[in-house]
Amino acid sequence: MSVFSTDEIMTIAASRELAGARSCFVGIGLPSVAANLARSLHAPGLVLVYESGTIGAKPTRLPLSIGDGELARTADVVVSVPEIFNYWLQPGRIDVGMLSAAQIDRFANLNTTVIGSYDQPEVRLPGAGGAPEIASACPRVIIVMRQSKKTFVDKLDYRTTVGFGDGAGARSRLGMPGAGPCVLISDLGIFRPDPRTFEMTLTALHPGATVMGVRDATGWDLAVSGDLVETLAPTDEELEHLRRLHANSKAKATD
Amino acid sequence: MAEFLTLQSAVATYVHDGDVVALEGFTHLIPFAAGHEIIRQRRRDLTLVRLTPDLICDQLIGAGCARKLVFSWGGNPGVGSLHRFRDAVEHDWPHALELDEHTHAGLANRFVAGASGLPFAVLRAYAGTDVAAQSSSIASVTCPFTGEVLAAVAALRPDVTVIHAQQADRAGNVRLWGITGVQKESVLAATRSIVTVEEIVDDFHDDRNAVFLPSWTVTAIAHVPGGCYPSYAAGYSERDNDYYEAWDDLSRDRQVFEDWLEHQVYEQARAR
Amino acid sequence: MAEFLTLQSAVATYVHDGDVVALEGFTHLIPFAAGHEIIRQRRRDLTLVRLTPDLICDQLIGAGCARKLVFSWGGNPGVGSLHRFRDAVEHDWPHALELDEHTHAGLANRFVAGASGLPFAVLRAYAGTDVAAQSSSIASVTCPFTGEVLAAVAALRPDVTVIHAQQADRAGNVRLWGITGVQKESVLAATRSIVTVEEIVDDFHDDRNAVFLPSWTVTAIAHVPGGCYPSYAAGYSERDNDYYEAWDDLSRDRQVFEDWLEHQVYEQARAR
Amino acid sequence: MSVFSTDEIMTIAASRELAGARSCFVGIGLPSVAANLARSLHAPGLVLVYESGTIGAKPTRLPLSIGDGELARTADVVVSVPEIFNYWLQPGRIDVGMLSAAQIDRFANLNTTVIGSYDQPEVRLPGAGGAPEIASACPRVIIVMRQSKKTFVDKLDYRTTVGFGDGAGARSRLGMPGAGPCVLISDLGIFRPDPRTFEMTLTALHPGATVMGVRDATGWDLAVSGDLVETLAPTDEELEHLRRLHANSKAKATD
């Protein structure tokens, strides 16, 4: 078995979740790497949709931004920004949304707006972008983000994007058509919503990670599945594809 | 019909202190040259509008042109923070910056409503988030057929919209292609518009489905080849990704930024 | 992904008695061959939807396929009346026809709402007219920002939309250009879609701003060159204006129309 | 002076009303002939907009329908039908709307839907098309139609399109941005709204027409302007252009 980094297994585990998906609405950074890896590895027909309006982009290198010329050049079609949101994302036409964030809570709500108070912020983050509507409209949502007590928090400083709100029933009360975050993948493990409480629950540990270690990197009292498994280690093929993807990209690959 | 002007005259005539100024172009075709001209002419108290403020708004904010920013994603794409934007929000430098913050879908639909001559647009958005509470341009509306409650966003009608396009013809018609963002909507929603172009051509290539702005929807056109650098114009240039990465360092420090402003922006005015 | 089928199979599989069937194409690219196939397969109780019913709905109505018509302008363009439509409305022949009647803007926006996954669309329309009172799919909505009262139209979501396009590629992606009407919206609003095409090509000409329907938004594609005659397909054929004028006489008399139906539509089925 | 028909002077008088207009939203039939004549005669830069989405069409022959290939081929740009109504007509971007109808009343409201009752019609007409929104949104509206007691009626069988509703103040009560029908041109004369009552008032007689004749062809008690003038007879140039336009058109020119 090859040596691999925690970022690598996180990205590879995320790409595996795209098996069987027809189309994916992709945010820049970790989600874009995972989605492009899936296309390279096991889902050559996966339709990548970026919020710049590019539908069916087939980038040969990782795009630095969601509006890269590479995306437009390789797309099946490019539509306007109002159209990509109104005609394509909003009706739930795109199977899977892939998101990352600065903070996540136990119900997979996300903060990409601000650390500290809104009016007197410690750190002003970029803001919402497409995330709230991706998380609302896509039938399935995959979240990929590195884990620490600063990112997996008990209480978000700002709720930019709703995952499962305050838990069971919240999405339907809010009129959200999609099923919400079906999986959260960090650099330590994999979390899925409890079918009753909708709290994100640790269901798999990446090789080398421990429940104790994950608890230490989680800001809330973590629920752990009774069927906890170990994430399959990256195969040589997966690692090779991921590393080639990064090597092909002049630009920095992750956020 | 559109007037052909120098960029200097176009900005002098059509961008005023206190204006609501949309500068559009989604990663592609960002009107940097026009942004620099606005800085050089020392416009003040502007309300800047842009889905992705990008480096262009970072520069305008750092230079003290903006009183308010209407936006939906304020980062350096693929790189990280916009430091001048952060410094204004976090430390009121060079002065405080008011924010009206949306999602991409919400802000795009505010332009759609403006372009459509409607007071608002309807979308399924913002539910359960803190975003709606922060903005007076987000409300809700009930479907008269189903009773479903949806988001409503107020129409946005900039005083002036500034874009960069690939081509204008001699009659002042404008054509752009590739990633077209919300350029059509932002121009049609605005009272006035300034378009900088890569090239002025005798005839457009026969492609009637590209975004086309008839001369009578455009106020002024300025011929500014490379006017979207370090962004790009499909068919004319490539995005300078290194510039975007270098901006991260350059913009982090107030003094380094001010030196950049002095040498890269203001000096060009004195050279004229 | 779109299936490639014969037109006969596509209609047999995806158009059912009682369905809401949109047949779109604004003067250009009207799917006549598919309409004839629906007549041949003797579908009944259809709700037909078309901005401009044109000869295609006249034929379907005269042949007894339609229970209801949702439309916005029901004439023979530049010629006069649609006599089979009139005979159904005025004399219930071959049986009564229910109408849900709109303006072009209203019906187009019903498709937009359907394509957008929204329950309704907002527009400034219908005020002071008798049209609104006649339709249960028109209501009003108040702007939460200005208090202005505007029209609301209910989303339209056909069971199946049928269109004709210039090209499909072998993966089942569809491309059409020229006057594109509401074809994109009517396909995206529908549960299923059938597209007849002039030509199946290896690669599209590199024009990413034409209307493009990805294979995964289309249910079935049938290769039917000339499938929009006597309408036209830009780049492939010209509109047969004489046919439209001749239809005025041909359709005026029930017996002459029934002879036409027998010889021009049904006989083709027996010949198979 | 040449001999001319009443249809010819009607069309020519309508085309003259387009002097100074930048753009015209054109219905098929009489309005299309008048607008194309204006472009040929005195307004070569007039932007013709048809509801098929063709902006800046420059047809060399009269189109038989609003979706003729000739319109698309000669247009500056072709947009979708939702776009032509939402982005172009609705905001009042098109200076002038030109309409015709089967019935008109004294306040220039129009019927293109039905003669008789809606449920038991004597004659079922085509319906609304783009007319209601053209009449609402365009800054100015020009109506062209042949006149008789059957077409100029005291009470419409159905109000498809609002001109001035029930008179003064009606348009603003209905939230209509445009100024409404500034002129009505028939085969007998020209009518303009009274500035106080908004009733269509006879302001010009075509050569050969009489007030008595116009009254006999009007279904309501006709108001006649104190400054009644005679319509300028068609010039040779106007007639020549109009006849050439018809000759160039294989298709029937008027409805």
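Going by the order they are written in, the chains are A, B, C and D; count residues from 1 in each one.
Going forward, a residue touches a chain if its C-beta (ideal position, glycine included) is under 8 Å from a C-beta of that chain, and two chains touch if they have at least 3 such contacts.
For clarity, every value in this text was computed on a predicted model and none was experimentally measured.
Q: Quick check: more C-beta contact pairs in C-D or B-D?
A: Answer to which pair has more contacts is C-D.
Q: Nearest whole angstrom, what separates the Cα centre of chain C from the Cα centre of chain D?
A: For chain C versus chain D, the centre distance works out to 28 Å.
Q: At what distance in angstrom does the C-alpha mean of chain D lie from that of chain B?
A: 41
Q: Using mean C-alpha positions as chain centres, tell me how far chain A is from chain D in Å, no decimals.
A: The mean C-alpha positions of chain A and chain D differ by 57 Å.
Q: Please list all residues of chain C that touch 2 or more other chains.
A: As it turns out, chain C has residues touching two or more other chains at 116-118, 123-124, 148, 150, 180, 184-185, 208-209, 211.
Q: Enumerate the residues of chain D that touch no fewer than two other chains.
A: Counting only residues that touch two or more other chains, chain D contributes 72, 78, 86, 90, 137, 177.
Q: Sort the chain contact graph into one of these: line, ring, star, complete or other.
A: Topology of touching chains reads as other, fitting no named class.
Q: I'd like to see which chains touch which, written out pair by pair.
A: A-B, A-C, B-C, B-D, C-D
Q: So in the complex, the part of chain D that touches chain C is made up of which residues?
A: 28-29, 51-54, 63-69, 71-73, 78, 80-82, 85-86, 89-90, 113, 118, 121-133, 136-137, 158-162, 165, 170, 174-177, 250-252, 255
Q: What does chain A use to touch chain C in their complex?
A: Those residues of chain A that touch chain C are 22-23, 47, 55-56, 72, 75-78, 86-87, 90-93, 137, 177.
Q: Under the touch definition given earlier, write down the residues of chain C that touch chain A in their complex.
A: Residues in contact with chain A: 115-118, 173, 184-185, 188, 208-209, 212, 214, 216-217.
Q: Which part of chain C faces chain D closely enough to touch in the complex?
A: On the chain C side, the touching residues are 26-28, 51-52, 71-75, 77-82, 85-86, 89-90, 101-105, 108-109, 111-112, 123-131, 134, 148-150, 178-182, 184-185, 211, 232, 234, 238-239, 241, 244-245.
Q: Flag every residue of chain B that touches chain C in the complex, lowest number first.
A: 116-124, 137, 139-146, 148, 150, 152, 154-155, 177, 180, 207-211
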